[in-house]
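Please find the structures below.
In the two complexes that follow, subunit A is the common piece, with subunit B as its partner first and subunit C second.
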Partner chain A sequence: MQNEFIFVGILTICAILLPVGGMGMSWMLRPHKPNKLKQTTYECGLETVGETWAQFKVSYYIYALIFVVFDVEAVFLFPWAVAYNKLPLYALAEVLIFVLILLFALVYAWRKGALEWI
Partner chain B sequence: MEPIITWLANLLANVSWWPWPAPPSAAIIIWVVYGLFIAFGIAPLAMIVLTWLERKIIARIQDRIGPNMAGPFGWLQAVADAIKMLTKEDTTPAGADRIPFNLGPGLIAVSAVLVFAVIPLAPGIIGSDLNIGIFYVVAVGSFGVLGTLMAGWSSNNKYALLGAFRAVAQLVSYEIPMAISLITVAVVAGSMSTLTIIHNQAVANGGWYIVAMPITFLVFFLAGMAETNRSPFDLLEADSEIVAGFHVEYSGMKYAMVMIGEYVHMLALAGLSATIFLGGWRGPFVEQLYNAVPILGGLLGLVYFLAKVLLFIFVMMWFRGTLPRFRIDQLLDFGWKFLTPLSLFNLLTSAFVVKLFQPAGTAGVALPAGPLAGFGGLGLTSALLISNLLVAFIASLAVRSLARRSRGNVLKAVAGVEG
Partner chain C sequence: MTEQIVFFIFTIMVLGGGLGVVSTKNLYYAALFLSLSFSGMAGYFIMLNAGFLAAVQIIVYVGAIAILILFAIMLSRKVMTTNEPQTNKQNWLALIVTPLLYLTLIFLVVKVNWPVSSAAPALDVLTQMGAQFLGGYLIPFEVMSVLLLVALVGAIILARDVEKGRE
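So, the complex of A and B:
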């Protein structure tokens, strides 16, 4: 039996060919007549005012931080889930403690107001 | 099929100009054909058929007719749109960051197409039965976010930038409930391989997982809807507020790539839901027929699978036709304060129930059987259903008390203003 991941590699190449092929085909078919007005930023027909790459709300950053915590948790839980059938009862107890600590973190963030959209 | 592939393999084996030491084996040829079929068959077809279907269904919900001029039932309209996108001029706004601007849509499409590697279409038809199947889905499904962020950031447009910010907040928030509900499935199935999950949903093993784990399914499906940017979670493209969000500056084929990404992602979500929770190609007579005449059994399985997929797709379009869009604070609250704790508690209770029904140690692992192991698969299903409903009941109580408290706070604030 061959390594199953070979197909993932093959599919990745095929999937990359999809946008490349599509854009190549449209590059052969489409007109190309750029002008200054066409290339202006589209904002409801008005001219753009000020810088585009502005500062962003700090709330987004806090959500991203909480996400990192829980995403790492999920990564730890996946191997546990697969091995669960072969583990005695303490596996459940350990994960219980692990998840409760993280739930405590979620509650803490919640009480602190980190999950409020201001 | 078989003789054609051996013929192709023999043909390639005799090619003298073949650059690599060994000619490709038959398995590789099948894989290449299947990969090309997914990328150039399913993906464009998904976009053409689903856009037409969506326009028709939304039109019917809104008491209109929808496209009806080009071709019977207007289905040529979608083909015409595809041709139009192919031949439209492709404008790049001045000041755009060209490399991410061009890479973004492609990345979105690639990430959606890759999910199909582990979705079995019919008995015996699957790209590769990875032993980390659903983990792979989470992994490849989430790097589409990167494409969205690249597209929004590089467009040099304020609306696109807003859309990209929203995209990151939303997609990142809903990834956690989705991953945790998939972990719950892995705990119950004892494996992450999609074929094993389908095998475990035979009636003898306890039946479809949607019956056993309705809450897990709901969390997965809602989080998946948010991941695919479907209405009511379509904040990142919200046409009525930020024009079209991250893809406002795209035109022509790049716009088509964004759309292919969206519709293929939608199809992948429906296919995954059907595989994980509705038993994939499972249905009456499939296995018997597959054992007798593989081709007929495969076709029947494909029909069942497609019916389930279309059911989910219809539900998604129905959502879009019925529900108004969330506000961003509601959206994040729903993800973080409701779905995440709910899925975590559900994971813990499901794991506990699975332990109760665990059969005695298998494959060299010395483990005592769970106290209720004698009840078998159907017992596990009913126990899981009961535990799910209990979790749902407790969650509804908690939501009610929280809602009451927040309403009380609002009333107090209003009274303070008036007094």
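So, the complex of A and C:
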């Protein structure tokens, strides 16, 4: 095991323990007296309309697709950013070409109205 | 010893997640189980001293692909509420194909003479990777961005068509 990932592990354990501990403590301490009004779904003080499992719009899917593409782009840029100081200057131009090509993708998505919130 | 315990935890995540995917009746929960399985795989990558791959696994698979699958499920009609039967007419075919795939993979792992390097793992993998991306592997690096561009354009065209068909 690499030592540097022990901190990630500790952080993960803390991240799990914090909500579980909080909810567990309140579960142990609180009185349990449910009634009908208490168990109604609360949504900004308004009565909820329709089913919880609502169907989403297709346009959300396009956002997710665009997100995946630029997520992968960020992954590829990360090693370059780490090695930046040790690379010659023309590496910057190479990365700029990489970003420029993906900028076309962003412009295309923009022109096609995929970024608009419908 | 610690390593074995950690490996055991990740194995429970991967196998339990995989089992959850095929056993739960709600498709939405199946997708959540799938992301649990992906997270366990990231743990394996860390144990194999491949921290960057682990980060990629979390960022791309858990962060993006799982979201994409969840969105696809939430978009589809009636999938969320009805509990569809988990098997269809092709289940006997799957019963034959999956053990075959499993045996093929086991055969590959055991029989193929995998090249093993005796060199110590590099300490600054990321720096070397960045240098390689912009040095010897420049063309694949640039082609990658073209591939991403094509993927995005194709995805938008397909998704737009679906949207038009629904209106």
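Note that in this section the second predicted complex is superposed on the first by the 105 of 118 C-alpha atoms of A that agree within 3 Å, B and C clash if a C-alpha of one lies under 4 Å from a C-alpha of the other, contacts with A are read in each partner's own complex, and residues count from 1 in each chain.
Simple rule for what comes next: a residue touches a chain if its C-beta (ideal position, glycine included) is under 8 Å from a C-beta of that chain, and two chains touch if they have at least 3 such contacts.
Predicted model only: the values in this text are computed from it and were never measured.
Of the two partner chains, subunit B is the only one that A:Leu11 touches; subunit C does not reach it. Using the contact criterion defined above for the overlaid structures, shared-chain residue A:Val95 touches subunit B and also reaches subunit C.
Of the two partner chains placed around the shared chain by superposition, subunit B and subunit C are both touched by A:Phe78. Of the two partner chains, subunit B is the only one that A:Val20 touches; subunit C does not reach it. In the overlay built on the shared chain, the residue A:Lys86 is in contact with subunit B and with subunit C.
In the superposed three-chain model, the partner touching more residues of subunit A is B, compared with the other of subunit B and subunit C. In the overlay built on the shared chain, the residue A:Lys112 is in contact with subunit C alone; subunit B does not reach it.
Within the superposed three-chain model, A:Tyr60 lies in touch with subunit B and with subunit C [touch as defined at top]. Residues 2, 4-5, 8, 53, 56-57, 59-60, 64, 66-67, 71, 74, 78, 81-82, 84, 86, 95, 99, 102 of subunit A lie at the contact with subunit B in one complex and at the contact with subunit C in the other. Residue ranges on subunit B touching subunit A, taken from their complex, read 25, 27-28, 31-32, 34-36, 38-40, 43, 85-95, 105-106, 109-110, 113-114, 116-117, 127-132, 135-136, 138, 153, 155-159, 161, 165, 168-169, 172-173, 175-176, 179-180, 183-184, 186-187, 190-192, 243, 248-249, 252-254, 256-257, 260, 328-329, 332-333, 336-337, 340-341, 344, 347-348, 351-352, 354-355, 358, 361-363, 365, 367. On the subunit A side of its complex with subunit B, the touching residues are 2, 4-8, 10-23, 25-27, 29-34, 36, 38-44, 48, 52-54, 56-57, 59-60, 63-64, 66-67, 70-71, 74, 77-78, 81-82, 84-86, 88-89, 92, 95-96, 99, 102-103, 106, 110, 115-117. For subunit C in complex with subunit A, the touching residues are 2-3, 6, 28, 46-47, 49, 51-52, 55-56, 59-60, 63-65, 67-68, 71-72, 74-77, 80-81, 126-131, 133-134, 138, 141-142, 144-146, 148-149, 151-153, 155-156, 159-160, 162-163, 166. Subunit A makes touch with subunit C in their complex at residues 1-2, 4-5, 8-9, 51, 53, 55-62, 64-69, 71-76, 78-84, 86-87, 91, 94-95, 97-99, 101-102, 104-105, 108-109, 112, 114.
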